[in-house]
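Below are two complexes that have chain A in common, paired first with chain B and then with chain C.
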Partner chain A sequence: MIRLLVLWLTLTASAFAVSNPAELLPDPAQEYRARALGQRLRCLVCQNNSVEESEADFARDLRRVIRERVKAGEDDAQVITWMTARYGDFVRLSPAFSAQTVLLWASPFLALLAGGAAVVLARRRQMPPPVPLTDVEREAVRKLSGS
Partner chain B sequence: MIPELGHFALALAVALALAQSLCALLGAARADARWMASGAALAYGHTIAVGSAFAALIWSAVTDDFSVQNVVENSHSLKPLLYKITGVWGNHEGSIVLWCLMLALCGAAVAGFGRSLPSILRARVIGILGLNAAGFLLFTLLTSNPLLRVWPTPLDGRDMNPLLQDPGLAFHPPLLYAGYVGFAVPFAFAVAALIEGCVDAAWGRWVRPWALASWSLLTGGIALGSWWAYYELGWGGYWFWDPVENASLLPWLTGTALLHSAIVVEKREALKTWTVLLAIATFSLSLSGTFLVRSGILNSVHSFASDPTRGIFILVLLLAVIGGSLILFAWRAPALGSTGLFAPVSREGALVLNNIFICSIAVVVFTGTLYPLFAELVFGAKLSVGAPFFNATVLPLAAPVLLAMVVGQILPWKRAALGPALLRLWWAALIAAAVGLSVALGLRALLPALGFAGAAWLIFGSFGEIIERIRLFRIPLATSCARLKGLPLAVWAATIAHAGMGITVAGIVGMSLAREKIVAISPGEAVTLAAYDWRLDGLRDGAGSNFRERIADISVWRDGALVVRLTPARRSFTTQRMETTETSIHTTGFADLYSVLGEERDGKAILRLHYNFLAPWIWIGALIMSLGGFLSVADRRLRVGAPARRPAQSVPAA
Partner chain C sequence: MNPISRRLMFLGPLGLLAVGGGAGALLLHRMADGSFDPRGVPSVLIDKPAPKFSLAPQAGHPGFDGAALVTAGTPVLINFFASWCLPCIAEAPQLLALQKRGLQIWGVAYKDREESTARFLAQHGNPFSRIARDAEGNAALEFGVYGVPETYLIDKTGIVRWRWVGALSDNVIARALDPLLAKYA
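Presenting the complex of A and B:
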């Protein structure tokens, strides 16, 4: 469910280069997949654009490659693997989970955990210390316990 | 002559800012009224000096003085007058002078409006602002001076990046900077409080208007930037998780947390240390946002190395401000203490939850933005962190806050019960369910239905507090109306700002239903997209003062009636040898008809047409949020009747 929600919202902020309509795949389902794939890959010659957004020639070439591979029946993982093998991890806009990116992917959990721990610690510190008994009360306790 | 006067004024400003800081801080330490008063007077002088330097720079740009380096690099004699003026802050040097001018204005504003503050606190705030200003003015003067001359004088300038020659971007930096720099005042209050060792309800009440005003300006600035990206870049998107965008989002997030935690300080004298830390963090992020982005360090370590003097100066300065305030915090924060106790389920508890989630989002955005730099330095690995990562991590953290903020608003202070609070919102839940159900049935899609239900819950639920306060339908209507008139402005402000957030959420969800089509058609042909017929009537050439353009005339029809004529264009800027796409957008209020012209091939023009459902709501919502913030500043409770300070609370500085 969460994965689905994320996938859907990832496609929401869709942005596209003015490309040649001849590039697009005739099958809308394949084109949708190709577009989603292109948005996960970085245009290596631009500052911070995905392959789908960039008007650079490099991005145009990658768009064509993605569509050829999607048309040939490759699944998403195969296309991404092919791209990473050729252009390195830099091409992925969402880095793979690895020893190098564990801190990155753990950051939401660590942040929430730290927030929760801070609240618990602050509350514990805030607990007012028990008020010591007065002499009269102590006398009363002594009488009641009969010692 | 004028640039030299400006140069002199800039140097004078460094001296005046330093004097402002020394007089005010030493005066406060010795409780000497004359020294403190001269600190305030120097704040005005310092503002006039920076203002003169800035005016000199504008004068040089407007009169095409190409003996000034900065004007040569960023202007051109054919550039329209508006962009000659706004071009002054379109580059590193000029924008930093603007930044310094805003900081100087903050000091002058505290000196002018802060007369009801205790004089020692006021002097400390003015002194700390002056110290910051002195550092950044020195940076401008030594490494980024925009008023230097160039010899031999070129005949004409190199012009400005055409993407920046746009009204949206003309006003985006001043708004954004006003927001960034405004957070210097809460920061200065926080540092002053640490020096005094005292944070109380009165402090919360003094800080909040500054935080609110800065937050409102920042909200407006970010929205304007996002809108600019939407119509000027012509990609159809509105937020790209670019490092520059993230840098402005970070202080907005911690600033939002600060606004809310300052309420707890004001009403209940709790969360004091946390609020002070947030004030320091927000300004620190504003600083890093402005200067790291401008220095280019975020893009690559190499661009930083290409100009080490500027980079090292700014790093040392950032380290001094951020590190210095954090060390002061670690040393003095234990003296602040906390008095207000509250149960986990209460208004305070809800605000703590808000703070945890919003700050977690900030941590994630911060980590994601800096991770490529970190990975390169530590592992020697080159990797990218972009939109897919941020969408996947930020959205799950944002959703709980958005759903909970409606409930938090109606919880009472100190101790509350969740069940009754939820029951009192049954009508908002009903509306949300109805909206969700009708979207689900109409579109046969589950996720947009959930999104719209959430947005409806937020928009309508935000009025819950007002309805509770006037006890609508539980007491006679006339009495409710009378209560409505008596509601403090701050309640309205919170409702409006929260509902604005809901409208933005609706816009974002609506954009997920956007449709687009890329077509190659000849004049006379038409295509259908989202119940509209888009006809290409023709293509023609045009020209502006510094560009030539190719324009497509498109008429959009619905059921045989003309809706609008769109004129997307491609512009070639002669001096910069750069092409830009000019989108043409028509908004119906519920959707944008968005058109972009691509290349022409074989007599056919490539057009990209978008039907962006609810797109305008994203920025309308942000505008409403910003309005809510300003409304809250206007609440007269913030100006008069601030609770009197209890004298015995102050802890003497060690």
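Presenting the complex of A and C:
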């Protein structure tokens, strides 16, 4: 297991901004957890990067805090709580489900419902069948089609 | 199509356009005068006690810690600044003007060398009655700071009432800070 983790860390290391090896935790399992946590947190300086991807000074500070807390034995929820107590819900890249975010999380389902309703309504309101042709029109069509 | 629904087809989108355009214009106006920042992140500390921290003082100046904010007995403006920060130079005249009006302004020198801070104060003036040094940025993390300058208004009971990210302008002071200073005097 540990060997697999080490392999995974070496193979994926280039995808992250941790440029200083001294930043890494010596225990690969803890480092893996710290990375997963960092990827769930937003760098507030370059707002659509995660803390783990960003080269900003601020992101480096948060990476340090994450690793200090993981090393001290805190679980994921405790680290995230520490972050949101200081930087608010916005620091989480995927927002928590709360009264404020209900609409956000429900929006795909609401869109699906609205689309379904539109389809049902459109099918129910069908076009009336076309008025049958008069004898004169039928004669004209016959002449045009040459039959 | 009857005339009513025809009129609706014209006025409906026009109304939407008017409302949307009005909202957009208001947004741009508030961005231009500095009272709205689309990248701004609201502080979670508002109406909560200021965080605890302890820092070393800047040489030659009285320092402070989190407890001092509660015992100050007056509203205090906490300003995170650094000598390497350009907007900090831009807001220096505003801070000096606030100090002249009698407001207590305490500075936190964020990730700065002591001698650089001293040079910065000599060059751009010192609006601070106390200065603490946050070389590692730990107190800044407690406050939720993510860049300098950032300014916090702490009322006389030690509760955080306001946070501003970026340089203070005359406009921001007049529109946002002054009403709060009057309220929490």
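Operating definition for what follows: the second predicted complex is superposed on the first by the 89 of 147 C-alpha atoms of A that agree within 3 Å, B and C clash if a C-alpha of one lies under 4 Å from a C-alpha of the other, contacts with A are read in each partner's own complex, and residues count from 1 in each chain.
Just so we're on the same page, contacts are C-beta pairs under 8 Å (C-beta built on N, C-alpha and C of every residue); 3 or more make two chains touch, one makes a residue touch a chain.
Computed from a predicted structure; not experimentally measured.
K.L.:
Just chain B (first), just chain C (second), both, or neither: which does A:A85 touch?
P.N.:
Touch status of A:A85: second partner only.
K.L.:
For A:R142, select first, second, both or neither according to whether it touches chain B, chain C, the two together, or no partner.
P.N.:
Neither partner.
K.L.:
Figure out whether A:P21 sits in contact with chain B (first) or chain C (second), or with both, or with neither.
P.N.:
It touches chain B, and chain C stays clear.
K.L.:
Contacts for A:G116 in the overlay, against chain B (first) and chain C (second): which applies, first, second, both or neither?
P.N.:
first
K.L.:
Is A:S94 in contact with chain B, with chain C, with both, or with neither (first, second, both, neither)?
P.N.:
The answer is first: A:S94 touches chain B but not chain C.
K.L.:
Looking only at chain A, is it chain B or chain C that touches more of its residues?
P.N.:
On the superposition, B touches more of the residues of chain A.
K.L.:
First (chain B), second (chain C), both or neither: which does A:N48 touch?
P.N.:
So A:N48 only meets chain B here.
K.L.:
For A:R40 in the superposed arrangement: first (chain B), second (chain C), both or neither?
P.N.:
first
K.L.:
Overlap the chain B and chain C contact sets on chain A and report the shared residues.
P.N.:
The overlap between the chain B and chain C interfaces on chain A comprises residues 47, 88, 90.
K.L.:
Mind listing the chain A positions that touch chain B in their complex?
P.N.:
2, 4-6, 8-22, 24, 39-40, 42, 47-50, 53, 88-95, 100-101, 103-105, 107-108, 110-112, 115-116, 119, 122, 126, 128
K.L.:
Could you pull out which chain B residues touch chain A in their complex?
P.N.:
233-243, 299, 338, 341, 352, 355-357, 359-360, 363-364, 367-368, 371, 375, 379, 381-389, 391-393, 395-397, 447, 450, 508-509, 511-512, 514, 516, 518-520, 581, 596-599, 601, 606, 608
K.L.:
Which stretch or stretches of chain A touch chain C in the complex?
P.N.:
44-45, 47, 57-58, 61-62, 65, 84-88, 90
K.L.:
Which positions of chain C touch chain A when the two form their complex?
P.N.:
39, 41-45, 51, 111, 137, 141-144, 146-147
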